[in-house]
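Order of writing sets the chain letters: A, B and C. Residues in each chain are counted from 1.
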Amino acid sequence: MAFDRVARRRWKSHLFAGLTLLCVVAALIPLTSIVWTAFDRGAPALSVGFFTQPLPAPCGSAQTHCSYGGVGPYIEGTLVLIALSSLIAIPIGVLIGIYLSEYGRRGIGRVISFFTDVLTGVPSIVVGIFVYTLTLDYILKTGGNPENVYSALSGATALAIIMLPIVARTTEEALRAVPDSVREAALALGIPKHRTTLRIVLTAALPAVLTGALLGVMRVGGEAAPLLFTAFNNPLGYTGVTQPAGALPTMIYNLYQTPYANWQADAWASALVLVLIMVILSVASQIVFTRVRRRISGGQ
Amino acid sequence: MGIAPNVGMNPFPGEDAGVPAGPPPHSPVPQLEATPRRERIGRWFNSIFRLLVTVLGFGILALAALFIIVLAQGAWPSLLKFGPNFLSTSTWDPVHSIFGVVPFVIGTLLTSAIALLIAVPVSLGVAIFLTEQSPTWLSGPLGLVVQLLAAVPSVVYGFWGFIVLVPYMRLSVEPGLQGSVGKVPGLGGVFGGTPVGTDILTSSVILAIMIIPTISSVCRDSLLAVPRHQREAALSLGATKWETTNFAVLRYASSGIIGAIILGLGRALGETMAVTMTIGNADVIPKSLFSQGQTIASLIANEFTSAGPGSIYQGAIIEAALVLFAITILVNVIARLLVGRVLRVEGGS
Amino acid sequence: MGRFVVDHLNAFYKDKQALYDVSLEFPEKTVTAIIGPSGCGKSTLIRCLNRLHEVTPRARHSGTISLDGREIHEMDAVRLRRRVGMVFQKPNPFPTMTVYENVAAGLKLEGGHPKNEIDQEVYRSLKQAALWEEVKSNLDGPGVGLSGGQQQRLCIARALAVSPEVLLMDEPCSALDPIATAKIEDLIFDLRKNYTVVIVTHNMQQAARVAEYTAFMYMGKLVEFDLTEKLFESPKEKLTESYITGRFG
């Protein structure tokens, strides 16, 4: 009687173990399918020219010789948008992280830290609308033409707003992981607080801060939603900060229903490139991050 | 060590109590002698720096406030015309300029709820496997691979969803559901209509896939935070592995798990591209899981560029964005409070 | 019932050996103390007795342990642990459960016990753990709301509720104040009427007060095992003598 009961409990335990394994498998199916589909459909378009040439002329199913061309301008646009937004978000984000860790450890600083976390949850499409409305308002007030509301600068601003809280919070966490004894030692030597912070604390936490910046870049690199009404689209890629700009994610969105085989292949190849870059950055940042965390916790 | 503290260059005279004052007469170390001028500049720079970072820090609060102000300003024509009716009207008619957000709030909540229904068990399973079942050498790499799901851009999910998942749902899953659970009395309506593939259910499945990494990673952290002595207490009472997980681990981590779920919800509510590309984009209240629909986010992505600057139509879309902003902020505040409490409990004990 | 025989036991964590060829016998219905400096393997030894050692990642062992003549590694671990209860260094009641639920936890896991039987067992175990008088009005309060000493007695009651034959105690008083320690020691002294008790301690006075037998371990090896009085008054080994006279440890 009692023996049967234990056997049943054991069996139930094995059953649940099996179910959890099944969950892992289930979670990995979509990833495999996405990578495989992108590779299968995008591979024909992949060549050296893919990274430099512009989109080709559309190619109907009746034609036999289709040129795949490339997505060079969109790659350029994406890189410029990421660079511009990083230029805005990383310095400001790091400074906010410094405030949260070094100057705002209690009271209102905790509130700000909390809201920084909450801001990471604002949908990116709402950020896009926010920047659009802000830009339109500015243009109308300065007597400009509302047609010019789309620009690389406003696209980069939207991306920067998405990056900012991520960079700020990871910087805060990274700096907090530096033991107080380091700060006290520096202050005891008579080094002013701002130099202690910048030279000693920030240097010690630099790998983790860089990981934060990388996380921010990863978060925005694949974003299309905030660019729809800010950077809009530009087949020439990047043509100036006040001009609309093209980017890989928005290009994929514009082409996802296209009937032309060569454009489909280009869109899939772009998806593959985006996924591979994100995967590489993600693996790199996670490896760096765990190593940093291990080093910090191991040292205490 | 080795640099003699020098009272003359210390801008914090109160902070070096206990350190011998004054340089030794024959210091072997090169003197970092500061002139009064340099000291003044240093002190000045110190306060400027402090001011700068504090202002930027408060800028976060300003940014949050600015979101509300700017969105309200953009939504003004619609706010003025519809007032509170915007929140209770279920018609969205750009031709006659009648706008109500109800269909999209329902679409948003419905897709997110179904996504949670699918994603929560799977994510919990993943987290439990990684922390309780898997051999140690496997759990690290496997956790990393699951996290790669988060690295796939939303627009790629949408593309894949449209090309691969939509036909699969239309041809296999949805007819299958209609033929089985759809036959259960009372559930016929839920699974009614002709399966088209681009519908509420397909979007929900895509959302579920997208929030699995979020939920499973926060769950995993919560499970890892459960002290080993809790597991051993259950084991020593003669619990099986599953009973240990259920009895000692999941209960202990419950508030972190709930926080993880709400974080996932916050992510699902605002997800745009993947939903826009698979939901069918119909501005009506969905009648069944196989109805085409619209979430607030997909509405914005789909229709914003067709509304003229300053028009009531545009105002209504911006007001919808404001509603989405309010919902996600609320959800994220709740999630952060729960997750934060877990971390504090950890730190406190 | 409850006689443990350990034969040529070696235990490892990863590549580090924690126990070297340990052989000894824990007689039934007696209290045996294991003493020795920290890191000597005494905790590892008792964690082998209820097979908790093997739960640690990359831990392994060789040699045999038998309970009443049966090799424990051939038994079902769940059934073994049902017969061999354990109390840990730090009190670890389940924080989401009440006092009552904590004590009833083992029976609930087992299933098939009617409510009135569980009530009775909870009463008996709390009584045996000398905690009943202090918590009888607060059975529905949280288990972690008790004081440290009460929590540890709650954990003892939790272990006793499933009526084990052996009770393993891994430095049960190290996190407690002297008054709470005295209460637990009295309790251990009473428990030997019904249970085989193995207690790990680094406190030699405690061993002398509660145990009939004492084992002294050093660097993963069993140095000496004897009646407590004999071990403390006329140790056979030089190492034991220098430890109990306080020359190291």
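The rule is simple: a residue touches a chain if its C-beta (ideal position, glycine included) is under 8 Å from a C-beta of that chain, and two chains touch if they have at least 3 such contacts.
Please read all numbers here as calculations on a predicted model, not as lab measurements.
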| item | value |
| --- | --- |
| Reference chain B; chain at largest CA-centroid distance | C |
| Between the pairs A-B and A-C, the one where more C-beta pairs touch | A-B |
| Innermost chain by mean C-alpha position | B |
| Computed distance of Cα centres, chain C from chain B, in Å | 46 |
| Length of the line joining the C-alpha centres of chain A and chain B, rounded to whole Å | 14 |
| Centre-of-Cα separation between chain C and chain A, whole angstrom | 52 |
| Touching two or more other chains - residues of chain A | 9-10 |
| Junction residues of chain C - those touching two or more other chains | 78-79, 109-110 |
| Of all residues in chain B, the ones touching two or more other chains | 240, 243 |
| Contact set on chain B toward chain A in their complex | 3, 5-7, 9-12, 15-16, 19, 42-43, 45-46, 49-50, 52-54, 56-61, 63-64, 66-67, 70-71, 73-74, 121-126, 128-130, 132-133, 140, 142, 144-160, 162-164, 209, 212, 216, 240-243, 245, 263, 266-267, 269-273, 277, 297, 300-301, 304-305, 309-310, 317-318, 321, 324-325, 328-329, 331-333, 335-336, 340 |
| Partner chain A, residues of chain C touching it in the complex | 76, 78-79, 109-112 |
| Complex interface listing, chain C residues touching chain B | 50, 52, 55, 57-58, 78-79, 81-82, 85-86, 88, 90, 92-97, 105-106, 109-110, 155, 158-159, 162 |
| Touching residues on chain A, where the partner in the complex is chain B | 9-10, 12-13, 15-17, 19-24, 26-28, 30-31, 33-34, 37-38, 41, 92, 95-96, 98-100, 102-104, 108-109, 111-112, 114-126, 128-130, 132-134, 136-137, 146, 149, 161, 164-165, 168, 187-190, 192-195, 197-198, 218, 221-225, 228-229, 249-250, 252-253, 256-257, 267-268, 271, 274-275, 278-279, 281-283, 286, 290 |
| Residues of chain A that touch chain C when the two form their complex | 5-6, 9-10 |
